[in-house]
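Right after this note come the structures.
Each of the next two complexes has chain A plus one other chain: chain B in the first, chain C in the second.
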Partner chain A sequence: MSVMEAGTPAAGIRGAAATSAETAARETLLSVENITLSFGGVHAIRNVSFEIAKGEIRAIIGPNGAGKTSMLNVINGFYHPQEGLISFRGQERRRMKPYEAANQGIARTFQNVALFRGMTTLDNIMAGRTLKMHRGFFWQCLHWGPALKEEVEHRHKVEEIIDFLEIQAIRKTPVGRLPYGLQKRVELARALAMEPDLLLLDEPMAGMNLEEKEDMSRFILDVNQQLGTTIALIEHDIGVVMDLSDRVVVLDHGEKIADGMPADVQANKAVIEAYLGVEH
Partner chain B sequence: MTQTVAPAGGEDTFPKLLIRNAGIWADRPAIREKDLGIWQTWTWAEVLDEVRAFAAGLAELGLKRGDKVAIVGSNRPRLYWTMCAAQSLGAVPVPVYQDAVAAEMTFVLQHAGARFAVVQDQEQVDKLLSISDDLTDLERIVYDEERGLKDYDHSRLHPFAAVQETGRKTLASNPQAAADLDASIAAGKGSDIAVILYTSGTTGQPKGVMLSFDNTVISAKLACEFDNLTQTDEVLAYLPMAWVGDHIFSYAESYWSGFCVACPESPETMLQDLREIGPTYFFSPPRIFENLLTTVMIRMEDAGPLKKKMFHYFLGVARRAGEKILNGEPVAFSDRVLYAIGGFLVYGPLKNVLGMSRMRVGYTAGEAIGPEIFRFYRSLGLNLKQLYGQTEASVFVTVQPDGEIRADTVGKPAPEVEIKIDDSGEVLYRSPGVFVGYYKNEEATRATKTAEGWVHTGDAGFFDNEGHLRIIDRAKDVGHLTDNTLFAPKYIENKLKFFPNIKEAVAFGHERAFVAVMLNIDLTAVGSWAERNNISYASYQELAGLPKVYEMLEEHVVEVNRDLSTEPRVAGSQIHRFLVLHKELDADDGELTRTQKVRRSYIAEKYEPLITALYDGSKEQDIATEVTFEDGRKGEIKACVKIVDVQTFGIETQQEAAE
Partner chain C sequence: MDILYQVFIDPFVQMVELPDFFLQVLWEGFVSGVLYALIALGFVLIFKASGVFNFAQGIMVVFAALSLVGLYALGLPAYVALIATVGIMGILAYTVERTIFHHLVNQPDIILLMATIGLTYFLVGFGEFVFGGDPKVMITEELGLPTGSTAFDVLGGLVILQHIDIAAAVIAIIMVACLAVFFNKTRIGRALRAVADDHQAALSVGISLDQIWMIVWFAAGIVALATGIMWGARSDVSFALEIIAFKALPVLILGGFTSIPGAIVGGLIIGIGEKLGEIYWGPLVGGGIESWLAYVIALVFLLFRPQGLFGEKIIERV
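== the complex of A and B ==
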């Protein structure tokens, strides 16, 4: 499915997302069941279960060290849990490598910007399409005929993403020279270049000022609505979480302590004690 | 003076000109837009097809002769087509500044009574919907970019493509619709209102300037003849569509002479797009030329020593000989050779970087341009000229003819323009481009335009010995100090603003004992200076208040005083005290107009405590100012602003000062 065309079928999904009952009734895209992950004696995640419905924005919150990033790493196959089941699109998943997860349609951004700093915005996003390139090493080196045609097609997709995220002006700028807020946007662009079904965002707004946060929120909503991409995000800014997400799961010390609508979670006593109460 | 009569029947409106162009230049490019990183081009024949389809679609939606169509958005082919489509149906396009906040738009759309609005994207749709309760006339909104608008209530909203599609189908299936459209185009005549352009309103509410087809078509024709513009030229359309300059240069002149108009990919990519297109005909307010020069100079600071040396050496050669060569004056042979080498090593690449390699004619207007900046571009061999114009004149009042270019005049009367200066020093003109009147504002029309067709410019000026017009200030802004010395604020402000470190200046002095100014630093220039000198700062406010910045600006002010002291007419209006403002003057806060001109009276009111402090001798003053953020919310910033006394020069100390 192409990036832009994907918008059409997605419209209905978002339109139906209005009420909680409908959200719950929707098709599950990914579910994690009784996941336990430990490094030696340290339990990063203990017996956590939740599911992500197709087309929703799912926030994962919790105090520092709650196991949020570990959870993302489990989902995209970087860590392998000792116990528990992960199923993606209804299929139970075996132990797999991150690139296999990526091939299945799971893309992510990182807490600390992880771009190729010396490369331009365009090249960084093109790198996001590596898994979609089918011509082999020889053809790529030759850069002629079918390989060139393939690159042109990929470039077209990339240009659509550049247009979507409004980063035309920095197309040819080396990423290292960009301000932080824009680097984050380039990282999102690279993740989108994979045309994922599930997008994992690890603190997309960390270190941003108010205006950058507003922009990024707008783009996350646009990605969700226009492209129909399901999003799981980790975020510390509670205001952003409450505004953006359809449902919130709260982790504390590796355990799930709440799961539900933003407003319910905000009112949940355990959450206030564990997280909001301590922080504020 | 002979007056041009309206062109013959087939060429007196833009829809008719479009049909002519599609006939004689069917395969020549008419308009381009960069989309998904690639320049897309439409030929004149294709433009005709697009415009007709859209016009038919609008007719289906119920657009009628005499209706007003608001156009809101940045320069896009589809929005330019909208103008011609509306005109084809006898409706009047009303372009609106796209960065105006919703409240500002309310007035214009209400006043114009727009029934239709054609807008660029979700942002503009949201703006219009937020004020839709006040816009009782507005029935339909057509939008270009569909992104984000899918889930909106579409009872009044229409995607541009869908309207065009309906139009195409109607034209194909219903011969009567096609005939109606042809008849409607044929019914248009030169005296019809072609467009209503709202002036940015330096004072009070904006006024809707009605220009007829005769006004705009004849102005375009004369200008094209004056600068020999043909279908082979190319321009970049990047200035607001609501501004008369863009309307004449990117729309009227293009339809008249057939040249191609390129629309940038986004406002931020304008400089890159400029470089890719390499326009042959370029129009810009001075600030763009200033920004370009500042960017180049800052980049050169980072170049290697050899390159830097070469750059500055050849710029010296250009300063010495470049302008003379351009004007066709005699130049030493050695300088000619050096200039040719410089062209190869420096000027050529530099012009390429600036996107001016192919530039044949360039205009700057709207504000006075710094003589240094003006000379810099001319010395590179770029034919940059100044013009003086107004919305009410369909732009042209005076222009500088080739070979008679000077930084301090605005040139001679444009073709078929008569100019006179009245007793108070105000400039009046009469021309074929003179507007029909202000929309729904008889009183203002009478105050501006006399029964004989003379228009008051509101500017004070005089003709110099060579017949060139010099503008000194707004006629009503020219005032007097308490000792009756002439005080022309803009004259002083412009001198200050020619320093790259000073972005904006506001001078006070009318009915005061002496002249005092408020300055705005230029964040790019001063920021870069601070970086080079290892001066750290956390905010605009902090940078503006640094003692070292004050010292630097004081030197500039002293320089201006020295300069003023050499001119007897203005020597008395030297600057005695100044301060540096803690915030940037901004159109969102109402301090500047949308075309970035200072709104003096508003500033005087808003910063009243600072002005009092300028005149009561205090060394500093606390001030709290309201600011509007880009999303429309308001906040407050507080600051303690220092005030500095400056050295002034008497006429007798001039000798001393000149050393």
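== the complex of A and C ==
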């Protein structure tokens, strides 16, 4: 938790949205209950429940194939579980739809970077504002009057995000041409452009070098603290998980095997066995 | 040396000696270029929004034209029939989206391509079942499109312009301008490009694939209708028109599959190139080069600029 404490001077900026881990624990932003997801005979997730409190960074860890990404896909509606309930901001549903999830304030990034490769960084991030733009078709085609004003307003917001993530220099570059680390950052920018309440990050640091990881960690903390965004994070780098997250849920073979503070989870016998194998 | 003279000098001498005839050939080429561009436009629309070469565009042209003629034959006034046909293209877009593409989200492009081939065969059969197989005449005059021609005195000769060709050019230019603005300047246009690039990512930012696909198929349907009217006015309306869709292929290779201005410029290059080639160089090999010259031009282009003149640059990081 050392990084979190180091970040506390930022508490003033967080303002009313800011809450310490303890008070946050009371208000649940998202909860999944008894989720079971299978593809034919393969059980990707079995009867998993956990909740994400408002304002926290919640890590989801586990060995490969544990069902972490499937879980994110259930949360933002790409997969529909056979059983279980998802409730977001108190509203219960059997299944989420991607459009609904986006509209209600859930944004995400992808493990294997899903950007609009042919478009520039700027256009990619503007695409994240799709749901925030409302001007009618007619005005848009004219590209004049209210529609132009709207476009300019959103452009301002996007510029703020670009400054925030320090990607000014690549504004006009088609993202397909960017190095991997920067692509990951553009993806984060696009998610932030949605001004989400809940941000799902699927291995934001995979394939990065140490320096890039440090940058990304700093951005994630800044997003959480300055913007008050709740974050669910899948990450393999245990060091990063321990530093960043408030609470950790551990999945293995589709089942939840531990849930708690990073230090407790780290000491948990079942978790150690899942990662290192059991001694026979 | 004689052959070199005939290839490199003689055609240009002819062009200069008979400038009025040269102008006439250019105009003919321009008009067919515009019409090629119209067909290519339908392909570009769907390619931009789903990354798929829509095999069914040709049959959609036929289907739209037959619907229009068929509704008129039922006794509807020409303009009512036109509006009703727009409605039919809307229904077609909705049905195609609901029954086919809705179920193919996140599938590889090749699957979508196969789906459009399937759609083509279905529409051929369905069209013959509903409208019958005989050729029909386009209701050009009833729609208020100009007929007749005007002859201009230029360069010591006559250049004859068919009015319907002028109308075709004007309609095509208006359509292209609208579509270009729509794609490049609007939120929906950005969403369309986003969908073509990555389905999952588009969904995650709240873009509705269903809505986007319906919009592009409808737009492609409207373009098909315009194409059907213009081509139908020059020949007759029959299933043979479907073949012209393949004329769009070299146009697309030349202009780039994703570019609306590319479709236009590509169409004009192919149209004018074909006519000039046929008239001035065709006799050297006994004529009839018009039907394959376009593909040769496209092939040469592929060697040097595989993304086309205006296509998005192919980006590959390895």
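Note that in this section the second predicted complex is superposed on the first by the 249 of 280 C-alpha atoms of A that agree within 3 Å, B and C clash if a C-alpha of one lies under 4 Å from a C-alpha of the other, contacts with A are read in each partner's own complex, and residues count from 1 in each chain.
Please note the rule applied: a contact is a pair of C-beta atoms (placed from the backbone, for glycine too) under 8 Å apart; a residue touches a chain by one contact, two chains touch by 3 or more.
Keep in mind it's a predicted model, so treat the numbers as computed, not measured.
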Item to complete: Mind checking the superposed model to see whether chain B and chain C fit together on chain A or clash?
Response: fit
Item to complete: Figure out whether A:Met194 sits in contact with chain B (first) or chain C (second), or with both, or with neither.
Response: second
Practice prompt. For A:Ile57, decide between first (touching chain B), second (touching chain C), both and neither.
Written response: neither
Practice prompt. Mind working out whether A:Gly118 is in touch with chain B, chain C, both or neither, as first, second, both or neither?
Written response: second
Response to the item:
In this superposition, the partner of chain A with more touched residues, chain B or chain C, is C
Practice prompt. Using the superposition on chain A described above, determine whether A:Ala127 touches chain B (first), chain C (second), both, or neither.
Written response: second
Worksheet item: Regarding the shared-chain residue A:Val265, is it in contact with chain B (first), chain C (second), both, or neither?
Response: neither
Worksheet item: A:Pro174 contacts which: chain B (first), chain C (second), both, neither?
Response: second
Worksheet item: Just chain B (first), just chain C (second), both, or neither: which does A:Phe78 touch?
Response: second
Discussion item. Tell me the angle subtended at the Cα centre of chain A by the Cα centres of chain B and chain C, rounded to the nearest 10 °.
Written reply: 90
Worksheet item: Between chain B and chain C, what is the tightest CA to CA spacing in Å in the combined model?
Response: 11
Worksheet item: In the complex formed with chain A, which residues of chain C make contact?
Response: 178, 181-182, 185-188, 190-191, 193-194, 196-198, 200-208, 258, 312-313, 315-317
Worksheet entry | Parts of chain A lying in touch with chain C, wherever the complex brings them together | 76, 78, 98-99, 102-103, 107-108, 110, 114-119, 123, 126-128, 130-131, 133, 135, 137, 140-141, 143, 147, 174, 176-177, 190-191, 193-194
Worksheet, complete the sentence: In the complex, the residues of chain B that touch chain A are 35-38, 147-148, 150-151, 265-266, 268-269, 272, 629-631
Worksheet entry | Parts of chain A lying in touch with chain B, wherever the complex brings them together | 7, 11, 14-15, 155-156, 159-160, 162-164, 166, 168-169, 171-172, 211, 214, 222, 225-226
